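Please find the structures below.
In the two assemblies presented below, chain A is common to both, partnered first by chain B and then by chain C.
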Partner chain A sequence: MQNNHHKEHLYKILVIGDLGVGKTSIIKRYVHHNFSPNYRATIGVDFALKVLNWDQETVRLQLWDIAGQERFGNMTRVYYREAMGAFIVFDVTRPASLEAVAKWKEDLDSKLTLANGKNVATVLLANKCDQGRDVLTNNGIKMEQFCQENGFVGWYETSAKENINIDEAANCLVKHIIASEKDLLQSEVPDTITPQLENDKGGTCSSCFRSQ
Partner chain B sequence: MEERSSDSGGGRMEQNIPDYKLIFEKEGVYLHTNAKRSNQDTTIPGFIRVVERAGVPALEWSPLEDEGRCAPAVLYSKKDGEGGEEDTHFDPGYEPDWAVISTVKKDREHVPVKESDQWSFSLPLSELYSLRRARFSLGRNFLVLTSRGGHPLPALHFHRGGTRELLRALHHYIVLDPSPVDGRLYLAYPHETGALSHSFDRLHLLDDGSDLVTRFIQDPYATTFAGFELINCGVELGPRPDVTRGQPLDKWEEFLDPEGRVTNPDKIKELVFRGGIMPSLRREIWKFLLGFYPWNSTTKEREDILRFKTDEYFRMKVQWKSVTEEQEMRNSLLRGYRSLIERDVSRTDRHNTFFSGNNNPGLTLLNDVLMTYCMFNFDLGYVQGMSDLLSPLLFITQNEVESFWCLTGFMELVHQNFEESQEAMKQQLLKLSILLKALDPELCDFLGNIMKTKELTKQVKDKVVEKYEAGLGYKKISRALNISLSAIKSIIRKWKEYDTTANLPRGGRPPKLKSRTRRK
Partner chain C sequence: MGPELEYETKSGRAGPGNPTSPRRSVRKNLDFEPLSTTALILEDRPANLPAKPAEETQKHRQQYEEMVAQAKKRELKEAQKRKKQLEDRCKLEESIGTASQVWNQEILPNWSTTCTSRRVRDLWWQGIPPSVRGKVWSLAVGNDLNITHELYNICLSRAREKWRATPASSAETEINDAGSSDRESSLELIKLDISRTFPQLCIFQQGGPYHDVLHSILGAYTCYRPDVGYVQGMSFIAAVLILNLDTADAFIAFANLLNKPCQMAFFRVDHSLMLTYFSAFEVFFEENLPKLFAHFKKNNLTPDIYLIDWIFTLYSKSLPLDLACRVWDVFCRDSEEFLFRTALGLLRLYQDVLTCMDFIHMAQFLTRLPDFLPADQLFQQIAAVHMTSRNRKWPQVLQALQKDPERGSPVLKR
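On to the complex of A and B.
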């Protein structure tokens, strides 16, 4: 029944982080395959759509490019609504932008949760890795620890300019989004048994009503 | 719209009334008596109806067993000073001073009256003052109507839903406007022909920072697209005036008197508004338009102003220039502004020759003017977007000091757009949505539906419940109806809990007043 049922997924993904860390550049590289050193500051929010083929299914990523200064405003709540995943970006050449990562994550988690109360999948991007690294990103173990402590599902050193690791990071995020979506379905109504024909392994009492 | 033809009991009983039209009917509406007038039945099942009697729309309730009777027991009609003589027919030529003349049942001529019948009523919609929709337990809605005479009618409990549909039916005749102080309370107004003026009344409502604005701040999208059902009668705009672009303003000297005062600023503004300014004159005229020079200043006075303002600019510039690295280490705000500005300067209009290439002096000017603006207005500081405003000012004036003062003048006009609360931005969006609602309601509804997070129609939700009851699992329903699992989950959850798929009103009154507004 799968063959004539081409499934489509649409996921809203947020791209957040301090201003000038390269959010717009990452999106442009990912969606339009190009790079310019002269992107303007993003005011408010911008959008881009990326279509992926994923296990014979279509995945549409709606990328929300949110202005870096927005954390100071109170519109982020509106922008975050119904997102399924997020990239939080920092600039490896600017340690301060990594400090801000935790604040962005906190803002995100406080304003957005999935239906089951869990946080949305978030991947950390250490951008501008072509311009050198700072001490922290040089230390993989430290970064792993940072990700664990702050609830990131993974991190990547990226360069929008040199096209490094952007597809990889996006695939990682999509993978986690799909997993968390499955998780959501499983946690649907924990105290309800959903009768299913395929489910032939034990537990089904013969006197139970079986749906078709 | 749940409009039913008159094939039910409700229709039959009215057939002997001339010019009677049933517009809306809903069964399962229980009238709760206050046990004041009667000490028996405290709830009486019945019908709520919207009817037109001789063209006059009215809201009526009658008990279930009240078949074959034609007139409601209690009529709310025009005051006639006759001491409570009841009309069974409405005077079509009524004046708007309806009032309750009697809530006491007078004996009807022929039909013996059952206890429950005395509660039936008919309220002309012009007589409806307010309507409060509240939620009882189990998601059951009840309505309390108040007539213009100030009398509350008995509460009506909608055991089988239908309040939303009723409100919609009423919308055809009257405007139901949510009260600014209580979202569950609707105030009734007649539809006016001057819809436009009405809509601008509402704009005033916004301007004094009232409820809608605060609500908007809390939930901008929802409020924008839900709060303005008022302007749903097509607005008749007058014919579009014929506008043509004028010639750019290309004379300047002739507008100056011998001392250099601008003789007719309004004329200048008018010309600029219609046609803009010749590029070569912009440098001069922008300084007036942006408030650097007063229109009535003389050439001599302007020289003084320039000298004074130049000093003031450099005094402020020195303030941030002289901050040492060590000081800045302990000044996170200043450090923050500096970092923001640095980031944005490097990406402002870099394709323009004035700012292109590395080490272009234009970039230093952008940076210095923006840093100095932070000293001028430290509370506001630097906000993204300012560099974009300054860039053309610098380009036109080609002067650090003049561009700075033009920027301050400009910010004086638009600073609200940059404030952290973003209230001004929200107000502008709100006004935009009002205009859109008036000018292109279809597009507005379309956008509103998108914003309403893809809300499913009641029919679809009922389908979900139907399939669930048939024993299908969530996944199967999801696949069959192409609805997300989480949506199905929540529909079923609500159905189990409240036994309905309809939208429930929000519990309790949403907090609307900020402490600041409340103090007013």
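On to the complex of A and C.
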């Protein structure tokens, strides 16, 4: 803000996945640097804001922590709008939550695309890796393959409890978001500003374009 | 205690780096423990130092006396404050006592005639005493569904059969029916959610005294209404009822409460009907708080973002529990309209702070309200909300919107 060249980016990021996989815990760890085994269930959507310094620029991440019950899908999919990236979380101790990952990804891609038609950057988080039941993910090659098949830009074994890989995963996502944003800007006529998505009026998330 | 002795200890504590500042160390000391400043200033200097000049001694005495006077004043003030708090608490306890007597002896025995009287409605607004709260809620919610204790037991034993049929280890269960249809298995979700219901109370968690009761009521409900099943938010509602009613009565109230039109709309996730409720809310929002309404609009903050949590849990997750119970009291009296009126009361209470916030901060604020929320102020704000819009009351506004859904909030439509 002190100099005019200082850029500010605002990115909306979704955190989705089955109920009870630890979405809220991951966000609390990432933003507030703490963990409690006693988070209340999220009903609807919760919010958090994380500010990062990124190559002398400021990156603001607006994190949308979306309730995991499938039943709420109709209601919460409006929250996908204008997101620039997503985490899809599953619980390594609950195989069904991994089964659900592909569905969450499919759902996301069908409801949200960037202006150039590409999907938003999405990172897969295998959470609760501290619980030692990571039979699901100990086959790295298989996980890599899974990510490629389903269009994830990367995956991390995370633990909100032990603070494992949360920052790394977030940095990976931000890196890909910035790349896809550059990609977007290049594919556009330089001085028209068109926010992503079918929504025709600029929303909160396109302020990162405005500041440039 | 002799002054010399006191000085010895004092100077010892002050350390060698600070030899000339007994005053400063006294002052410092005063900040923390005003009552222990016994005569420190009145003491003479040690024999190996030149004696204090008379005027300095005089000055120190004066300063010391001022300090003592101030400390006494403060002490007196605090004593008065404590006395006032005690009096207030006694008064409150007494009024609760009197109120429970009135409810028990006068109102409840003649419920059908008294419940609509002006006096009872006024008492009701002030909050139902905890000892009769469950009874009043039961009576006010009613039992249109005619659920008996036997029916509850039947539903419960069915739920138990199902639990027995699924292996205890959740992981194995899920491997077995890794297929997708059972992903939403209500019983599985209940297990996951129970431990996340009022975790700070430590009574619904595994091993806690009400864990099994909560499990039973939610399980029985999924057998009673398999078409609705378990939906997040239910665990909070059942928990609040359990805190105020016996198990079977809590179940009866739970099932009847969820059967109310607004709750059915939300728990069946009837999206278009939910949007109608949000639109009706917006009509009264604009009417009551036009400036804040415009601010929300400008920031694209739609009511679903905060109302979903408030309505699904009937405020039991977002408000302190005692305050939530007071909201439930009047909700039982005034039905769904009061849920939206409470929302407007909250927005009214915080409109000044909200007006200065951007989208994300408002969203964060409303989905996580301050821990210390003044009950009386909130109820004053709720009382100040007008639930009429162009001569129409809540039911008429809702009905009109239901007939003409196109007038619903365009933002949320897709």
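Please note the rule applied: the second predicted complex is superposed on the first by the 178 of 212 C-alpha atoms of A that agree within 3 Å, B and C clash if a C-alpha of one lies under 4 Å from a C-alpha of the other, contacts with A are read in each partner's own complex, and residues count from 1 in each chain.
We take it that a residue touches a chain if its C-beta (ideal position, glycine included) is under 8 Å from a C-beta of that chain, and two chains touch if they have at least 3 such contacts.
This is a predicted model, so every value here is computed, not measured.
Colleague: Just chain B (first), just chain C (second), both, or neither: which does A:A102 touch?
Modeller: A:A102 sits against neither chain B nor chain C.
Colleague: For A:Q62, using the defined touch cut-off, is the partner it touches chain B, chain C, both, or neither? Pick first, second, both or neither.
Modeller: A:Q62 contacts chain C only, not chain B.
Colleague: So, A:A179: does it touch chain B (first), chain C (second), both, or neither?
Modeller: A:A179 contacts neither chain B nor chain C.
Colleague: In the superposed arrangement, which partner chain does A:V51 touch: chain B (first), chain C (second), both, or neither?
Modeller: In the superposition, A:V51 touches no partner, neither chain B nor chain C.
Colleague: Kindly classify A:T93 by the partners it touches after superposition: chain B alone (first), chain C alone (second), both, or neither?
Modeller: second
Colleague: For A:N38, select first, second, both or neither according to whether it touches chain B, chain C, the two together, or no partner.
Modeller: both
Colleague: After the superposition on A, what does A:A115 contact: first (chain B), second (chain C), both or neither?
Modeller: First partner only, chain B.
Colleague: By the touch definition above, which chain A residues appear in both interfaces, chain B in one complex and chain C in the other?
Modeller: Correct list for chain A: 19-20, 37-41, 43, 67, 69, 72, 74-75, 78, 96.
Colleague: Which residues of chain C touch chain A in the complex?
Modeller: Contacts found on chain C: 170-171, 174-175, 178, 180, 183-184, 189, 192-193, 196-200, 231-233, 235, 269, 271, 274, 299-300, 304-305, 308-309, 312-313, 317, 359-361, 363-364, 367-368, 412, 414.
Colleague: Which bits of chain A are touching chain B when the two form their complex?
Modeller: Listed in rising order, the residues of chain A that touch chain B are 5, 19-20, 37-43, 67-69, 72-75, 78, 81-82, 96, 115, 184-185, 188-189, 194-196, 209, 211-212.
Colleague: Which bits of chain B are touching chain A when the two form their complex?
Modeller: Contact set of chain B toward chain A: 217, 220-221, 339-340, 343-344, 346-348, 350-351, 383-385, 387-388, 420-422, 453, 470-476, 479, 485-486, 489-490, 492-493.
Colleague: Could you pull out which chain A residues touch chain C in their complex?
Modeller: 18-20, 37-41, 43-49, 62, 67, 69-72, 74-75, 77-78, 93-96, 99-100, 103, 133, 203-204
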